[in-house]
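Sharing a structure with you now.
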Amino acid sequence: MPHLPPAQEVALQFHQLCEHLMLPAVPANTVLGIEEGAGLPDAAFWWKERATCCKVRARRFGSQRQLVVVEPSSTAGVAVLKLKNLPVNSFSLEFLTELIINLEKLENDKTFRGIIITSDCPKAFSAGVDLREICGKNPAHYTEYWKVLQDLWLRLYLSNLVLISAINGPCAAGGCLIPLTSDYRILADNPKCLIGLNETRLGISAPFWFKDPLVNIIGHRASEHALQLGLLFPPAEALQVGIVDKVVPKDQVQSTALSVMTQWLAIPDHARQLTKNMIRKPTADLLVKHRDTDIQNFVSFISRDSIQKSLQMYLAKLKQNKD
Amino acid sequence: MPHLPPAQEVALQFHQLCEHLMLPAVPANTVLGIEEGAGLPDAAFWWKERATCCKVRARRFGSQRQLVVVEPSSTAGVAVLKLKNLPVNSFSLEFLTELIINLEKLENDKTFRGIIITSDCPKAFSAGVDLREICGKNPAHYTEYWKVLQDLWLRLYLSNLVLISAINGPCAAGGCLIPLTSDYRILADNPKCLIGLNETRLGISAPFWFKDPLVNIIGHRASEHALQLGLLFPPAEALQVGIVDKVVPKDQVQSTALSVMTQWLAIPDHARQLTKNMIRKPTADLLVKHRDTDIQNFVSFISRDSIQKSLQMYLAKLKQNKD
Amino acid sequence: MPHLPPAQEVALQFHQLCEHLMLPAVPANTVLGIEEGAGLPDAAFWWKERATCCKVRARRFGSQRQLVVVEPSSTAGVAVLKLKNLPVNSFSLEFLTELIINLEKLENDKTFRGIIITSDCPKAFSAGVDLREICGKNPAHYTEYWKVLQDLWLRLYLSNLVLISAINGPCAAGGCLIPLTSDYRILADNPKCLIGLNETRLGISAPFWFKDPLVNIIGHRASEHALQLGLLFPPAEALQVGIVDKVVPKDQVQSTALSVMTQWLAIPDHARQLTKNMIRKPTADLLVKHRDTDIQNFVSFISRDSIQKSLQMYLAKLKQNKD
């Protein structure tokens, strides 16, 4: 299983992805228009009574945008969680917080047994870490940010609910957090829908708690190659290496997710949850045990002058391209 | 490698398997007839001098039936061990005890280097745990039962002999213990010959010492899906996912096992045993280290009123179907 | 994935390999002729200033032969390291020492980012452990030998450089050390180019630090079979089981290695090195932690009368065939 497309092709794919993921090409107005128009009404049923903690957290960011939309599906017990942090679902602290709050609510609501997670941004499933959160801020901010990212990982990886990722757009680096922690992954059959942990291409290294589930999913050898080379797999290769479980036409991603979900819900919850916990706990325990050290490592790495300088130049270039 | 047949098909397969495995459809007379007729004479050579301990244990159950038949094969050094606890080789305490005694004898007999394990029951390779052993009894009984099951696992997984499973019938849940701990697995190419750990479908969870060898054999991702969904694989899928090493027509299962065995016996025993132990010891050590906790967990789980009630209803239904 | 060629074929392949690997069929004169003619001039650029330690170590063996030749490649930053311990690159203590010294130099030379390791012996990539080093010597010698072999493994497995094995000849038993610790493995498409850990066929067991990377590369189930049966895979099977990443015609092995290397060098070194270390450290730590015990086990095993006797007979037979 050698997953090494010719160098030129990789470079091209990467260039294209950068264009799609990193450049906030959609004007702010359009963004707000889409959000207020489509997302809110559908989710209204669900969002009636926000917990106090949610209000407090949301207020803190002072945002009126709804970054995560939860909708019922046609199948009883199944929610569809739509990521809607335009343009490319970058993990801002605000977005991560909204995401965790929504997952917490679903987890505690006995009427739900499974969640389909998908993107409501036309340009991407998720671009992962928002570089503005890890550039030009102070160590206390980096610490909080990384802790929240770990929280999201732990909540997803050990979720009692069935989680299915309906990956309807490109999914790179930290954006793989949700697919890697899901029970099942469906990818849209579109050449732009690349998926992979391409951190090394940006000069950084994925954390061990991204490496561990990747090894669990595609094995050790393929992970060595994928992680070191920062490979972004197009759909056919993604399926072959096993980083996704199914590839279907883009307009069938969500319906397929529902159909697969039905099979998972045929199993009694209690037995399935015990089994899931038994398989995943050893991997999760590694993060639980080492999370403080991991935060220290991250903060110390990201605070380096050389890394900050490199990130600033990268962000400046993005801003320039946008103007 | 997505191993999710359509929900309907799974349900049908499972229904069929339940019929085959759980309903003791063969009248008791026929059972005894088969046993006394075919099995005993062939094994007579072997069974001449039973160890005292065996007599004591056998006497304890007061059974005259021979549940495990050991025969020589056409290849020197190779025994064929036939499971014959009709109708479906359920793991009764008596059957497990007979099995362990026979394995112990073969292990200590220097004339044997390998064992082919197969079923002498037309309806199944093995249905696993006998529900009557874990329903309506007391904690002391559950403790003894689980300990004996662990003993069997440890004896097989670290056996110095070459073990080949000749799986000539359906093999579900605990019935996979023998294949999972064998060195090589051959499955009959028959749509009824489903194999898998379908515990979750019965509302329970396979123990970690079933999960660990499964992960070793088919990998982590496939195990997550197979265990959570309680998948029973038909032959072609079983081969593809790797839970068996070879699929052959039913009437060739045993001869193929002998042919494969010949290759394994071409290797000097001492070197092969050292190597096998080196690879398997870390997995076996996990059970050795945690077996007391595992017994406590099992006994506490199975003693719950809700679980007992559910098992009683299930057994009552089986009895009703039989009458 | 059953990798069990018919017993007869295995026997034949093994016989052929023994002929190719073990019998020093090339007269000593020819050997020296080749070495002095071809190897030295090319490597002259590189070898100008030997470190003092190297001189000391080399002097100790009193050899004038150059067993390891390092050449530049057509790609900047990439060295080609040629194994040249004729006839079959057996791991003599002298050869291992030369190899470690050269690797150390390349590792410390900032102009190099990657190494392609290949054989300059027409008959083999490597036959592994030189039996003369572990036969008829004293425990102190065995201790030193095994320690140096562990040193080589650790240096390669955690190397900051990109390592690609260009396997242009048969590669058996300990000869797999270099491929197993490389980042990428390319095998010549020639039926004589068998690769595998066939230790059990010689009556010994591969150490756990050969087993661990093999499991990482081809998985647990395939490793159980390959190690216990001492399988030597021909190219197509080697690719299928995954012990190599690519198979190409023999005359393209080195150029393909260079082409693959280019892809690896497209990644920033620092990020790739951090990532490689994160993935491999847990496996390497096992050897670091247990290396003393492992040495003791090896020395005690190899010092046994029965093992020594068997090795002496084997060597005598080889000498006889040669005469």
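We just call them A, B and C in the order they show up, numbering each chain from 1.
Criterion: contacts are C-beta pairs under 8 Å (C-beta built on N, C-alpha and C of every residue); 3 or more make two chains touch, one makes a residue touch a chain.
All values derive from a computational prediction rather than experimental measurement.
*Asks:* Taking all residue numbers used at the subunit B/subunit C interface, answer same if over half belong to both copies and different if under half do.
*Replies:* different
*Asks:* Rounded to the nearest 5 degrees, how far is subunit A rotated relative to subunit B when their C-alpha atoms are superposed?
*Replies:* An angle of 120 degrees brings one copy onto the other.
*Asks:* State, to the nearest whole Å, the distance from the C-alpha centre of subunit B to the C-alpha centre of subunit C.
*Replies:* Those two chain centres are 42 Å apart.
*Asks:* So which bits of subunit C are touching at least two other chains?
*Replies:* 215, 219, in rising order.
*Asks:* Spell out the residues on subunit A that touch subunit C in their complex, using ranges where they run on.
*Replies:* 1-2, 4, 7, 10-11, 199-206, 208, 211, 215, 219-221, 223-225, 227-230
*Asks:* Name, in rising order, each residue of subunit A that touches subunit B in their complex.
*Replies:* Against subunit B, the touching part of subunit A is residues 183-184, 215-219, 242, 245-246, 260, 262-264, 266-268, 270-272, 274-276, 278-280.
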